[in-house]
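Lettered A, B, C, D, E, F, G, H and I in written order, each chain numbered from 1.
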Amino acid sequence: MRSALVTAVMAFILYLILTVGTGDILFWSSAEIVAGILLSIVAGIFGRKLLFKNEDYRMLNPKRWIYFIAYLCPFLVAMARANIDVAYRVITGRINPGIVKISPGLKTDLGITMLANSITLTPGTLSVEINEKTNDLYIHWINVKHKEPNIEEVCNGFPKWIRRIAE
Amino acid sequence: MIGTLETGYGVWSALYWLLGLVVLFIIVYFIYSLGGKTVKASGDKGKPFLSGNEMEKEKIHVKASNIYWGFTEALKSYYTPLKGGHTGNINDYVSWFVVVLAIVLILAGGL
Amino acid sequence: MMSKIVRTITNILYSSILIFGFYIIMHGHLTPGGGFQGGAVVASGIALVLIAYGYDTVKSWMKKSNLSVLESIGALGFIGIAFLGIGTTFFYNFLANSGGLFGDPTVIGINPGNLDTSGVLPLMNWAVGLKVLAGLGSVVLLMAYGIRKGDEE
Amino acid sequence: MIDNLPFIACAILVILGLYTLTFKRNLIKIVIGLNLVESGVNLFLITLGYKSNAVAPIYTMAAKEEMVLPTPQALTLTSIVIGLATTALILSFTILIYKHYKTIDASKVRRLRE
Amino acid sequence: MMIDTIIYIFLGIGVFFNGLGSFGLIRFPDVYTRLHAATKCTTFGSIFTSLGVIVYGFYHWHVDSASYGVLAIHAFIALLALVITNPTGAHAIARAAHRSGVYPKRAVVDKLREGDLSD
Amino acid sequence: MINEHLPALIIGIPLLAAFATPLISKINDKLRNIFVIGILGATLCLVISLAFNVFNNGIFVYVMGAKSPGLTLPSGYKMPVRIILEVDGMSIFMAIITSIVSLLGAIYSWAFMHKETGKDKYYTLLLILAAGMFGMEFTGDMFNFFVFLEITSIAACGLVGFRINRGESSEAAFKTMVMYTLGALFVLFAIGILYGEYDALNIATLASRIRYTMLDKIALGLLVTGLAMKAGAVPMHMWVPDAYAEAPAPITMILVANSQASLYGLFRVCFTLYGLTISTYTLGWIIIILGVLSMFIGVTMALIQKKIKRLMAYHAISQTGYMLLGVGVGLAVLSDANALNTYGLKAMEGGIFHIMNHAMYKGLLFLTAGAVIYATGKRNLNELGGLAHKMKFTAIFFIIGAAAIAGLPPFNGFASKLIIYESVYKFNPMLSVIAMLVSILTLASFVKVFQSAFLGPEIIEVKKEPKSMIFAMLCLSVIIIAFGLFPDIVVDKIVAPAANALVNSMQYIAAILGGA
Amino acid sequence: MRKYVLLAALLIVSGFMLLSAVDMHPFGSPDREDMDKYFINNAQEEVSANNVVTSIVFDYRGFDTLGEATVLFTAVVGVSLIFRRLIK
Amino acid sequence: MMETFFIVAVFLLIFMIFGVIRIILGPTTPDRVVGLDTINTLVIAAMIILGAAYNEVIYIDVAIVYALLSFVGTLYIAKYLEGGL
Amino acid sequence: MTNFGKVISVIEEIIQILILLIIIATAIMAVSFKDLLAAVISLAATSLLLSLEFYILQAPDVAIAEAGIGAALTTAIFILAIKGTVRREEL
């Protein structure tokens, strides 16, 4: 029940973003808002088993969202560096690849997912496989420096940020 | 008149034909009834005869593939390519469609 | 069952796909889209959940028979709306410009448009959308079921 | 000549599909061929309705007055959904054929002949 | 004109990285390195091209009409969807490739093959 | 009130019932059967009342979604923009066949399908198939025709593959589906060409605009080939025996009507769409050649068949040839008024009458074959024998059907074949001789079936045939005998208006465009 | 033999297809557009929808859409017929 | 401004050819999927760019649909390669 | 101004030609691959680019339908069918 409601509210926000600029109640027309409420309730009922499957509402805390926005800055910088790095490798063709294992020690699904996607988008690393129980990530690294790397080398201190955001 | 169909050359009436058929049937029955009534089809007379041996029921019945055997044998040179054409292969079905399409397009296009 | 990352992303995307599909159906008479497109989007969402969680999990959440009932209801709704117009003609748009539900006249010319217009079109969009999402969703589910049946026997 | 390039592309797609249907023996390949023919026909319909320097026939926030012809788009919409329906049904039959025959080679799937 | 320059720069960066990614797709030796090029560079490039559109939309929202704002918002949502789905798709492909028996070429180390991952 | 909406109701009510059938099946099986039969019976009544309407008042036009059901062209526009249903003599003729056949098929299915699973889906598809055929026959719009063509294709293929425990059934459904879809796609391509040239989809409007350019010729070729394929003309007939033999018997009967609906489409295209602007001599000869090939190859292939339903399927091809021949002769002489009046129209009447007769007796024969398979569980003629001892009714019905298809008087097949022989003889004597030869061969092959299946000693176990099956067969037999005894009434009241409707395409166009 | 006849037929068909493509009106400028002009000019007034395509799909040619929905329904019923259980 | 967007779109299309080449060459199936994924991304970028070029707001919806749904196809192929399903 | 419009129309033509070429190339690949999975991938690429072509031909309605149905659902159905049968063409 609660999960359905929360899902419905999130769906409603998305609907409002999609239909911005349709009327004069702030940005929306009244028909739009009524339709949006009805539709998001339906979406909440059908989507309740997925979005908050574990009844885990810690992402509703606004503090975490502020952290998330703050996290984007180092992330984008790292991403730019990654791309320049890959560009260098595309042009010169100098690669030294391998698959390494790291244990970031994140507990929640969302945290590990965020980390994996961040890793995929940043410096020469690509998450290949995940251990479902221990949340260990197996990472394809385009330029292997050590065979047993520590976490800092691979993921630029993302786990710290993500621990603050998602756990 | 009801039941009369004009065909262009002449007319056809099923009722008259039926009437004729009935008359014919009566005549035939009349001739049939003139014959002797003593002969009955019971006993050994009714059985098929093959060198005096008793036959199994299945053997008496003429199988469907044996009927018109002579006909198909005589027209073998016609039937062999015809059977060969019906391959049951979906590619051939489509191929025939394409060939007919090509012919019809040529004929209709040259109209 | 795919990896945890894919499943988490599916959780996030599923409700977005759902509301986006509903948005496309709802705005069929204003923006590109409509019943078919929105229904196909939602059905793709069902296909996404199916691939991420596997057939058995999805089967425990939603029943195929429910989907087929939904499909019948959608089809009946569509043809029912068509029959409702039979006071004048089959498929007559009896709600347009009438002032009732969805009955506002639209402004002629280029304008953003109002949701509350165009008569039976939104209703038909919804009927078709329900039908298509249930139909395509059950096609995918049924085929996933059909290729499994060989393993059991 | 270059003006009618999209039409020629449609014709090529149709011909490719026909080629697949006649020469490829795999049943799923045959379905792919059907899909190609259908794509060609859809593209043909849409191309028929195109007008240069025009916008889509939707009045919401359109930039120009001139609009492309709307009827072919409605027809194509119908045609696409029909194509999906046929594809789904025909592929289901393919799965069933494989269960019974243990092959999807058209030259072996022919218990029905003569 | 300032805003135009920014848009040009964004578009230029986007095209450059997209091209680089596509080029890397041809140049790299195996699936995983190609995925590096394909996901990272094209995502990055697409972010910048879309950013160009978003800046364009927001600027003209301010100057011209409200519909440009909607353009920017919708482009942003498309971008968001792209950023969420692309790395996940890359991960799925990489995992599938490894499970289907395609191992990295010239690999220094392959912990996944050595490791005892039971799933 | 209800009279105005008849065509829409005839298509709409079976569709509505089809959508409701899965829901009703959840309640009760018996209720569903009664519901389906009731709906089809109601449709038959509606068709008959529409038929009276059409025969008395001429062409019936119904505009979908307009402000009034009658014809309303938009002011200032001399063309229709909405979908128009246009019912003339030919359409209603086909609709009568369709409704009779589908009603009897549903009645027959009650007992025949009793032991099967998935009956709710079976009945749904049956209703959709019937509605699709009505749509094909009534519509006056090319794209709408294509949509209904696809509906019938998909529903028919789903039903052909009904017996999923037999691999052959799936194979037949696959092949049929590929052919149907391909034909329909080419029809769609032709519609696209026509639309691109004339910016219209209405048949009447297109017919009045066609200038007969190269593109029109290509479109004509595509349409003729696609529709002739679906009607089962040789050499594109190979799917026919597969599909007819593997479908359940009542479905086979409806499939015959379905093929004839495509035949109707072919005639509509040739006569109405292109008949005005061109000399149809070559087109007529194309159709005649297709017909003669179908007749001859169909019957000779039938002679050597061993499976009972496959044999009958080849006969269906052969009989389709008669229709193509009769109507093709009419088409070939369409522009020659003298020849048309002396024998062309008569040949067309024969061909069209044969459509109805064929649906009836071929339906009866397939139903008897279904009864044989139901009673014995065997399809191969070599394994059958002596059925007449137990299945007396079926044997009698089979004799009636066989006599009718072979053209023995006084059954209905003779009446239509007689007309075809005599009028075709004036056109070209050779064709008539071939037709008679084919008739003799037909008789020969049915003698074979009767001898091997029904005569001889009892060699296999036989179940009794249920009442509903006997009832359906009895209805068809009564129709066959009635048509055979009073062919003139049928020809004058139903067939002649149909033939006239095909020939007078001006009338069809004028009903929409007003005068023209 | 079969292959060559078939290739010839395919070539003829493709020739006619290409001919139709070349013969068609020039890309981007349809010959006549009276029916479509009617839709574009009157759809907003009659149906009061801004999207002309939707107003054609559901109003002017609604019957086609009914047919299309039926096709989809039929296909779904067909697929569920194929994958049904044989024993109750 | 508009012609810039168009030129960018042309570049994106040229890059798509690389993806197609990868689909043709790709020694293994995962390589081909990577090519498809690249084309997907480029098509979405091209759609956004072209939407801006035509000044048509409503066209961007297509790009959103595509971004959400191209993922589904990729996942199906990946799942097949994994051997599950 | 006219010069400006001319440039844009030339660029549009280039876009058209490129897309059509890629469509035909992917279609040929879909026909010629022996590996059915690769053929399905090519078919997905074809329908993807077909959708872009619809988009450029100013048919966003059809483009959405083709995107949803062609890219996601058709691929899914084909993959399910290949899973239910065999992957290589010769078998």
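Please note the rule applied: a residue touches a chain if its C-beta (ideal position, glycine included) is under 8 Å from a C-beta of that chain, and two chains touch if they have at least 3 such contacts.
Worth saying up front: this structure is predicted, and the values here are computed from it rather than measured.
Novice: If we define chain centres by averaging CA atoms, which chain lands farthest from chain I? Would you check?
Specialist: B
Novice: For the interfaces C-H and D-F, which has the higher count of C-beta pairs in contact?
Specialist: Answer to which pair has more contacts is D-F.
Novice: List the centre-to-centre spacing of chain F and chain H in whole Å, with centres computed as mean CA coordinates.
Specialist: 48
Novice: So what's the Cα centroid distance for chain B and chain E, whole Å?
Specialist: About 74 Å, centre to centre.
Novice: What whole-Å value do you get for the distance between chain A and chain G if each is reduced to the mean of its CA atoms?
Specialist: 42
Novice: From the C-alpha centre of chain D to that of chain I, how far is it in Å?
Specialist: 11
Novice: For chain E, which residues are shared contacts with two or more other chains?
Specialist: Where chain E meets two or more other chains at a single residue, that happens at 23, 35, 39, 43, 67, 70, 74, 77, 81, 84-85, 88, 90-92, 95.
Novice: Considering chain A alone, which of its residues make contact with at least two other chains?
Specialist: Chain A, residues with two or more chain partners: 18, 21, 116-117, 127, 129, 132.
Novice: Which chain G residues reach two or more other chains?
Specialist: Answer for chain G, listing residues that touch two or more other chains: 6, 10, 13, 16, 20, 24, 30, 33, 35-36, 39, 44, 50-51, 53-54, 57, 59, 61-68, 70-76, 78-80, 82-83.
Novice: Can you name the residues of chain B that touch chain F in the complex?
Specialist: Listed in rising order, the residues are 2-10, 12, 14-15, 17-18, 21, 57-58, 60-65, 67-68, 71-72, 75, 78-79, 82-83, 85-86, 88, 90, 92-94, 96-97, 99-101, 104-105, 107-109, 111.
Novice: Within their complex, state which residues of chain F touch chain D.
Specialist: It comes out as residues 143, 147, 150, 153-154, 157-158, 161, 164, 166-168, 170-175, 177-178, 181-182, 185, 188-189, 192, 195-196, 199, 201, 241-242, 245-246, 301, 304-305.
Novice: Taking the touch rule as given, give the residues of chain D at its contact with chain F in the complex, in rising order.
Specialist: That would be residues 14, 21, 27, 30, 34, 37-38, 41, 44-45, 48, 69, 71-72, 75, 78-79, 82, 85-86, 89-90, 93-94, 96-97, 99-101, 109-112, 114 of chain D.
Novice: Would you mind writing out the residues of chain D in touch with chain B in their complex?
Specialist: Touch residues, chain D against chain B: 18, 21-25, 27, 30, 106-107, 109-114.
Novice: Write out the stretch or stretches of chain E touching chain H in their complex.
Specialist: 4, 7-8, 11, 14-15, 18-19, 21-23, 25-26, 31, 34-35, 38-39, 42-43, 45-46, 49-50, 53, 56-57, 67-68, 70-71, 74-75, 77-79, 81-82, 85-86, 88-90, 92-93, 95-97, 99-100, 102
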